[in-house]
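Quick one: this structure, given as structure tokens, is what I'll be asking you about.
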Amino acid sequence: MSIGYIGLNHFLVVSAGMFGIGVYGLLAKRNAISLLMAVELMFNAANIALVAFARFGYHSAQPLAGDAFALFVITIAAAEVAVAIAILLLVYRLRGTVWVDEIDLMRW
Amino acid sequence: MNLPALVGQLGAAIPSGATVPGANSSFGFPLLSLIVWLPLVGALVILMLPNRSENDHGRIKNVALVFTFIPFFLTLIAVYVTVFIDLGVSYSGGFRYEENYNWLGVFGAQYHVGVDGISLPLVLLSTLLFFVATMASLNTKTRVKEYFFLLLVLDIGVTGVFTAMDLLLFFIFWEIELIPMFLLILIWGGKRRVYAAWKFLLYTIAASAALLLAILVLYFKGGAHTFDMTVLSQSHLAPALGGTLFWLFFLCFAIKLPVWPLHTWLPDAHVEAPTAMSVLLAGVLLKMGGYGMIRICVGFFPAAAKYYSLAILTLAVIGILWGGFAALAQDDMKRMVAYSSVSHMGFVLLGISALTPLALNGAVFQLFAHGIVTGSLFLLVGLVYDRAHTRSISELGGLAQRMPYLTVAWVIGALASVGLPGFVGFVAEFEIFLGSYGAHHIGTLLAVFGVVLSAGYLLWMLERVFFGPLKEAWAKLKDPTAIELFYMYGMLAIVFLTGVLPGKLTQLIDYAIAPLTQRLGGS
Amino acid sequence: MAAPYSLMYLIVLLPLVAFAVMFGLTYENKRVSAWLGILAVAGADVISIWALISELQKPIHIQYGLGPFSDFLRFADVHFSLGILADPLSAMMVVVVCSVSLLVQVYSLEYMKGEEGFVRYYAFISLFTFSMLLLVLSTNYFQTYIGWELVGVCSYLLIGHYFKRPAAAAAAKKAFIVTRFGDFPFFVGIAFIFFRFHGHMGGAADLDFYAISPLYHAGLVSQGGLFVMAMLIFSGAVGKSAQFPLHVWLPDAMEGPTPISALIHAATMVVAGVYLVARTYPLFAANPTSLVVVASLGALTSVMAAIWAVAQDDIKRVIAYSTLSHLGLMMFGLGVGAYSAAMFHLFTHAWFKALLFLGAGSVIHGVHTQNIWEMGGVGKRMKITTWCVAIGSFSAAGIIPFSGFWSKDGIMASVFATANPVFIAAAIVITFFSALYTFRLFFVVFTGEPARRRAFDPKKIHESGAYITVPLIVLAVLAAFIGFTGLPGSKQGFGQFIFFGKHPEVEAINYIAIGVSLVVALVGVTVAALFYWPRFQRFSAPAFNARYARHYDWSHNKGYFDEIYQALFVRGLVLRAGQATAWFDKNIVDYFVDGLADGYQLASERLRRLQGGRVQGYAIGLFAGVVAIAVVALVFGSSGPLSVVSGVGR
Amino acid sequence: MSNALVFTLAFYVLAIATLVSGLLVVTLRNIVHAAIALIATFFFVAWLYLLLNADLLWVAQLLIYAGAIPVLIVFAVMLTRRSMSDTSNAESGNVLWAAVIAASVFGLLIAVMMPAAWHVGNYPSGLAGTTAVIGRELVNHYAVPFEVVSVLLLVGLIGAVVLARREGE
Amino acid sequence: MTVATLRQLAPEIILAVTALLVVIAGLFIESDHQLDDGAGERPRSVATAIALLGCVASLGAMALLISSTAVPRNAFFGTFVLDRFALFFEAILVVFAMVTVLVGFRFTEHFRPHQSEFIALILLATVGGMFMVSAREMIQLYVSLETLSIALYVLVAFNKGSRLSSEAGFKYLIVGAASSAVLLYGLAILYGLTGRTELDAVARQVAAGGFNSPALVLAMIFVIGGLSFKIAAVPFHQWVPDVYQGAPTPVTAFISVSSKAAGYGLLIRVLNSALLPMSHQWAIYLAVIAAITMVVGNVTALTQTSVKRLMGYSSIAHAGYIIMGLVAMADGRTATLAIGAVLFYILVYGLTNLAAFGALQAVQEGTGGDDLSSLAGVGRNGGGVPLVLALSMLSLTGIPPLIGFFAKFFVFLAAVQAGYAWLALIALVNSAVSSVYYLKVVRALYADDGPERRRLTVGPAMWTALGIGVLAILPLAAFANVFVQRAQDAAAAVLR
């Protein structure tokens, strides 16, 4: 099934790409805030997949479950970002840095 | 109210398991549980007592004395009734004083205790030595409360091992011993106590790992999904599996016994441990290994024991000679006695490898004998060390002139250890060698040479430490005090009595060995 | 069972009770203790003489269990027992042991007076007497072994009486350990016997002598097996009776008090080996090869000891080597089949050798030295001692008509009967040197002028008191006359009482043997006189020794056996093995054990470093882990192209 | 232009825009620029949702993601110094590892998901808007999570307040 | 949805309302209290009392639910279950929460003026955990998981003055979010393959559609992986030591027990429903993970000096043992035994760990540090606190007759019965190795020489917490049968 020339896989490629970008950002960036942004990208990637599945794999027993799921994810992400930023500010206040490779008091 | 009884009632108190009528206790009360668990009561009492002044220390010591004496006394009653009243009359083998309560019914584990001819002498040995060890610890000054607390906890484990008839229970008791002994060495030990304690711990825990794995496999492959030792001992296993399990169990017990080359923890642990703990290590803890071998390795896997007899013999002979030679080279008296333990426990292994009724009887008897004799020797080393503050054979000399009573005790102890007739060790060695000769000619010959070695190192030590001219440094030494003399000569009296009249005891042991050897013949 | 046999258990019991009482109750009271020991052994002696008389009247074999110990070990089908055995052999031995013990104890009243450890000394003598009697009256190998070990220990304790002297302590240890080298094959021999004959005992206790005797011939054991068995048992005898190569302990044992030397190391314990061979003679008889070994070893020991004795300077050592030589002779006799003669020699030897030792003790008591060159001229001042020792010397040298002559003659006869030239030569050498060293000693010590010794006035030398002289006289009488109980050709002599196998015919007297041995002995005495009796001195001993220095040194140093053993076995083998095992434990076994622990430690240090502390590192690990797991699962999992696993699912 | 062609064109434009802006988020070296790229990404994703008929999500995405979250992030950027410089969003030392792992994650997902036999359903043609359906589902199937989310938001609220509040003020 | 169906949520609702009450009470009492600058005892006492009462009420509600036959076991279209399995976990979660609150009683002093928020967050996190173990539907699963996680992020960073605490919170958050994304993606794939989010429905679809598709395998790995974060399994374990070390000790305790317990509950549920058709796949996967996890945890712990950090590695190691039990779950014959063993393990491990952290907390209050060196000689003056710490260490080692042994034993038993003797052997060796570092703590307490210290004193709240721990560690062994029986019942429920 597809809509025009566009099928489920097209959306999944976008989703996978987003996820990969998120992973890269999470692993490569130095600023803690951009790590948060990368995580948001990953959630979005999953959301794209969920919504696409809901669209292409509609199930009458649970109509649009993917959409609902994505809605919850958006909500959760918002709460998580709020808490994350609070923690980040706390770290910044105590340490004067948001660079993740400088936040390594505890190791080994 | 003791714990197991309580457990029994809460656990729906189903006295399951087949208890043979008549073979059971005539006391009608949980004798063995009392023997095993009373020290726990003592330990808890000690935990509650204050620990500030000399007075408090005295009270703690008295509690420890009481709670090690009562089990000893109860055991004496049990032994008296069994050996002098019931033996051959109403008792002719099997377990007695059995208690069987549901405990972990989900897995088929029971609180099941009982004693037979193999375990009863060892229960006697352990309760006796714990009482003696408590007496020998009375001059403890540092951290009295912890010391006696741990001592009593140790008591539970050791006595429990000899009474457990459920394999899981056996394992639990087996493990209880570990930590108290570790701490007792670590805190009250000698100069290299840290090394010795860790070594003891790691060896022992490795042994436990093997034991637990073996128990688990046996539980499933034994067919009955039970931990009951009487049932498991009858399980029929494929030879390959039986052999594997045999060696797994053997590994565990070999570390404890110890068997060459797994013995190096022993000299370190014995040397660094405080006197009373050396006594217990040599006197009862090693016996757990020998007991396990006879009860489980031989009892459960007679075919494998027979099949691997030669391998075990080899280990035994190496151990006997190795320990003997190494003892010759020691300058530390305690280390020498420790190596002599390696040698003497080799005799036990020799008896086990032979698998004849006489040899197995001797092996059990040697467990008992070595426990008392070497226990005494460690006491005596301790008495020397307490006064001279050294155990170096080359530094000491001529002590007989200052400490005649101690010297006499030492001579008796050494001669008993050498295997002199009239002392308990002789009977055991005689049985073992006569029993094993039929199975292994050359092996026995080599093993008997170990006796010559033991004469060598012990008498040489006596000569250098006690005889000859008195060295100036030791001119002020004093003979032991009254209480020291009491337990010292008390032990030697037992060494003597059991050596002169071993008949009943060996008969008792035979009741337990006979069914075992019958199975050996049949398999 | 009538008296005296039913009372024989008292023979064993009385000394034991004496020992226990002395150590337990009367340790502080010297007089009471000593007399207690004497009375106990006297009582035992009375019963044993009674038993001997009964046996003489009617030789009989009786044995019974020793009360509660008759079932010492009894379970399943094994039965080890302690008991009392009465037959002519044991009756004779019991009398020897009790009598010598009695005399020695009386003697010690004076000899040991004022010594430290007086009661300990008496107690141990009682204990020894008990042990020796237990051994002698033993009904089986098991009991024999017990007694065997106990006498060994008593010997250890008594040699080490002067434990403050390093030499005494060392000698005690040496005696015990060297004997152990014989004991352990003996023990294995017992095990061998048990293994072969257990189950054929027919109701008797295991290892019973009389029950086993017929079994040696029953075909249960091959000849080779019998030989091994006999050699194993004989090893015990070699150790205890100080036969070559385990002879080295006996001379050193002279560090003990002299009466002990007389009792243990001359009259009783050291002959236990001979007694053992005699007791188990059926075994040896069943395998003739073993007897050849016994004879050869006995002869070798005897010859060597006799030669060494000539070059010793210590009075007790001379006698000790003499003892060695005589013990060898007894073995020699047993080996060549002179069972009765060997036993007779054991019997006579007990008296004259005890006499010699006690006499020597008396001299030492007077002169306060043991070096014979510091003595001399004692004869003038200690008349009784001198005469007694003279009798003893004649007896030991084998001069007619003293007791030693008659017993030695019996052995000589049998040796000559073998017609083995080596054996005959050996016998002649032994006889010659016996006479030589015995009288060398006598002349040096008792004749001539009092030797000069620093700070010692010869006038102080005086005869010992009655407690010493009376036992000497008793023994001298016995040494002089007891030989007549075994006159060759006699119809009621010793040979008709104690014998092996069938009741023997009265033997024809072998005059050649008598003649040769007498002549050789007299030659020996003459040579001794020419060298050492000042009145007849023709040769200078020092000059002779210097001329044959190499031979003299060899002899003086007892063939260097002590040195060789020390270097080869003690230092070279045993101690080195000890060091090697200890080294191995420390450096090899523990290396691996500690290495394992260190390995874990190292691994831990390495693994810790993975935990870098930076959160991105953790994230990298996380994603890399997931990818890796996924790739592995997809490629190698059950759905993958390279599936290698197949799990069990439900 | 047919509907399908418009749809296709729209998808590609949006997809490329989404991914490019996403890439910009993780490559731009100025954190403020990256934040703006993030807003763009969320914005394009919202339109992707609309392509998938998810009108409710389109709204939610625009409001919450493209609206609220970036605001929070910008706040954070502002509150932390050093943020405005050109190296405020620099790479750490892990770039190579990050690239390799990200690429392999992407590769893995593509390799597995492309050939997968996804569940196929018939999207009801008469479905005008999803809001009604989702709303019904929220009080039926997802009633419990709906309640749990309230707990979650409470947690977030308390947490943010507690952590962000400066002591002693 | 009626009020009747809401009854089934009573325990959770009671707890959530309690949390709100605590916050509100805190606000009032706090302002009241600011006038009087005396001790901070009163507000804490009130908040704690309310919390404990709420917990008890919640437990009471559970008791009513479990005994009542009128209450359906499923609700909300089967997305929410209330079987014995769920109730078992809910009960232990609430108990854990109670003990945590008690352990933190004195420590929350440092959190003024947010003491009541601290308690409330613990309760809310517990609510999240309770929803987790009752979840039978992906959305609820995910939402409740995140509720728990976010609450914990905050709690970890709660010690606002501490650099370690905030760093730990930050690390926890980043790794948690990444894991959460992985889990979410896995769930999305599962949804895509089946079109359903109800776990049972997913299982049916998967079973019908064949279970060998690579996408399914990937989904399985993502889902298990995402959940591994909660249970601290390799490779999702690296946050553990840092967070354990940095978080306030009561929070560390809470993470190590509640978060883990809920994680296991959920994992068992997922493995036995949605992923059940793939049991042969996850068995191997988990077996390997178990082996690696226990080795990494135990070996790394050997050289630790911070006790809290050491406990973190210990936590990883124990995750390995428990996963071994999960492996045994794959075998139909041993499934009940295995799950029963795992549940028992979780209960025992939780109580023991709480006792350990409680005692550690008390020691820290006395000595100011959690290093082995600051523990030195603490036990010399006697007293109960070091004894509890030592006992819990020994229990964690698995020394009989302490309860930890039985937990391990049952898991080993299950593994061997399922044919994983090799895994049991690895576990045994590891268990032996673990004795070294646990006993290091005991050694420090009792054998090492330390500065002269006064005997540690603790308040009644801590005593209650430690008492519960000791009761669990020591005499529980004798009555283990009862608890094992409950665990087995619960296991049977999840297998139904």
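Here the chain labels run A, B, C, D and E in written order, and each chain numbers its own residues starting at 1.
Just so it is clear, a contact is a pair of C-beta atoms (placed from the backbone, for glycine too) under 8 Å apart; a residue touches a chain by one contact, two chains touch by 3 or more.
Remember, it's a predicted structure, so these values are computed and weren't measured experimentally.
Peer 1: Which chain is most remote from subunit A in terms of Cα centres?
Peer 2: Of all chains, C has its centre farthest from that of subunit A.
Peer 1: Most remote chain relative to subunit E, going by C-alpha centroids?
Peer 2: C
Peer 1: Name whichever of A-C and D-E has more C-beta pairs touching across its two chains.
Peer 2: D-E
Peer 1: For subunit A versus subunit C, what separation do you get between their C-alpha means, in angstrom?
Peer 2: 96
Peer 1: Could you please state the distance in Å, as a whole number, between where the Cα atoms of subunit C are centred and where those of subunit D are centred?
Peer 2: Computed from C-alpha means, the inter-chain centre distance equals 102 Å.
Peer 1: Taking the mean of the CA coordinates per chain, how far is subunit B from subunit C in Å?
Peer 2: About 36 Å separates the centre of subunit B from that of subunit C.
Peer 1: Express in whole angstrom the distance between the two chain centres, defined as the mean CA positions of subunit A and subunit D.
Peer 2: It comes to 6 Å between the two C-alpha centres.
Peer 1: Going by the contact rule already set, what residues in subunit A reach two or more other chains?
Peer 2: 19, 22-23, 26-27, 35-36, 52-53, 57-59, 62, 65, 68, 72, 76, 79-80, 83, 86-88, 90, 100-101, 103, 105-107
Peer 1: Show the residues in subunit C shared as contacts by 2 or more other chains, in ascending order.
Peer 2: 608, 611, 613, 615-617, 619-620, 623-624, 626, 630, 634
Peer 1: Two or more other chains touching the same residue: where does that happen in subunit D?
Peer 2: 92, 94, 97-98, 101, 105, 108-109, 112-113, 118-119, 121, 141-142, 145, 149, 152, 155-156, 159, 163
Peer 1: What pairs of chains are touching here?
Peer 2: Per the contact definition above, the touching pairs are A-C, A-D, A-E, B-C, B-E, C-D, C-E, D-E.
Peer 1: What residues on subunit D touch subunit E, complex-wise?
Peer 2: Listed in rising order, the residues of subunit D that touch subunit E are 108-109, 111-113, 115-119, 121, 139-145, 147-149, 151-152, 154-156, 158-159, 161-163, 167.
Peer 1: Once bound in the complex, which stretches of subunit C touch subunit B?
Peer 2: Interface residues on the subunit C side: 68-69, 71-76, 78, 80, 142, 145-147, 149-150, 153, 156-157, 160, 163-166, 168-170, 172-173, 176-177, 180-181, 183-185, 187-188, 190-192, 194-195, 574-575, 577-582, 585, 589-590, 593, 597.
Peer 1: Can you list the subunit D residues touching subunit A in their complex?
Peer 2: 2-5, 7-8, 11, 15, 18-19, 22-23, 25-26, 31, 34-35, 38, 41-42, 45, 48-49, 51-54, 56-57, 60-61, 64-65, 68-69, 72-73, 75-77, 79-80, 82-83, 88-95, 97-99, 101-103, 105-106, 109-110, 113-114, 118-124, 130, 133-134, 137-138, 141-142, 145, 149, 152-153, 155-156, 159-160, 163-164
Peer 1: Note which residues of subunit E are touching subunit C in the complex, please.
Peer 2: 170-171, 174-175, 178-179, 182, 212-214, 217-218, 221-222, 225, 234-236, 238-239, 241-242, 276-281, 283-285, 296, 299-304, 330-332, 335, 418-419, 433, 436
Peer 1: Provide the residue numbers of subunit C that touch subunit A in the complex, in ascending order.
Peer 2: So the residues of subunit C touching subunit A come out as 608-609, 611-616, 619-620, 623.
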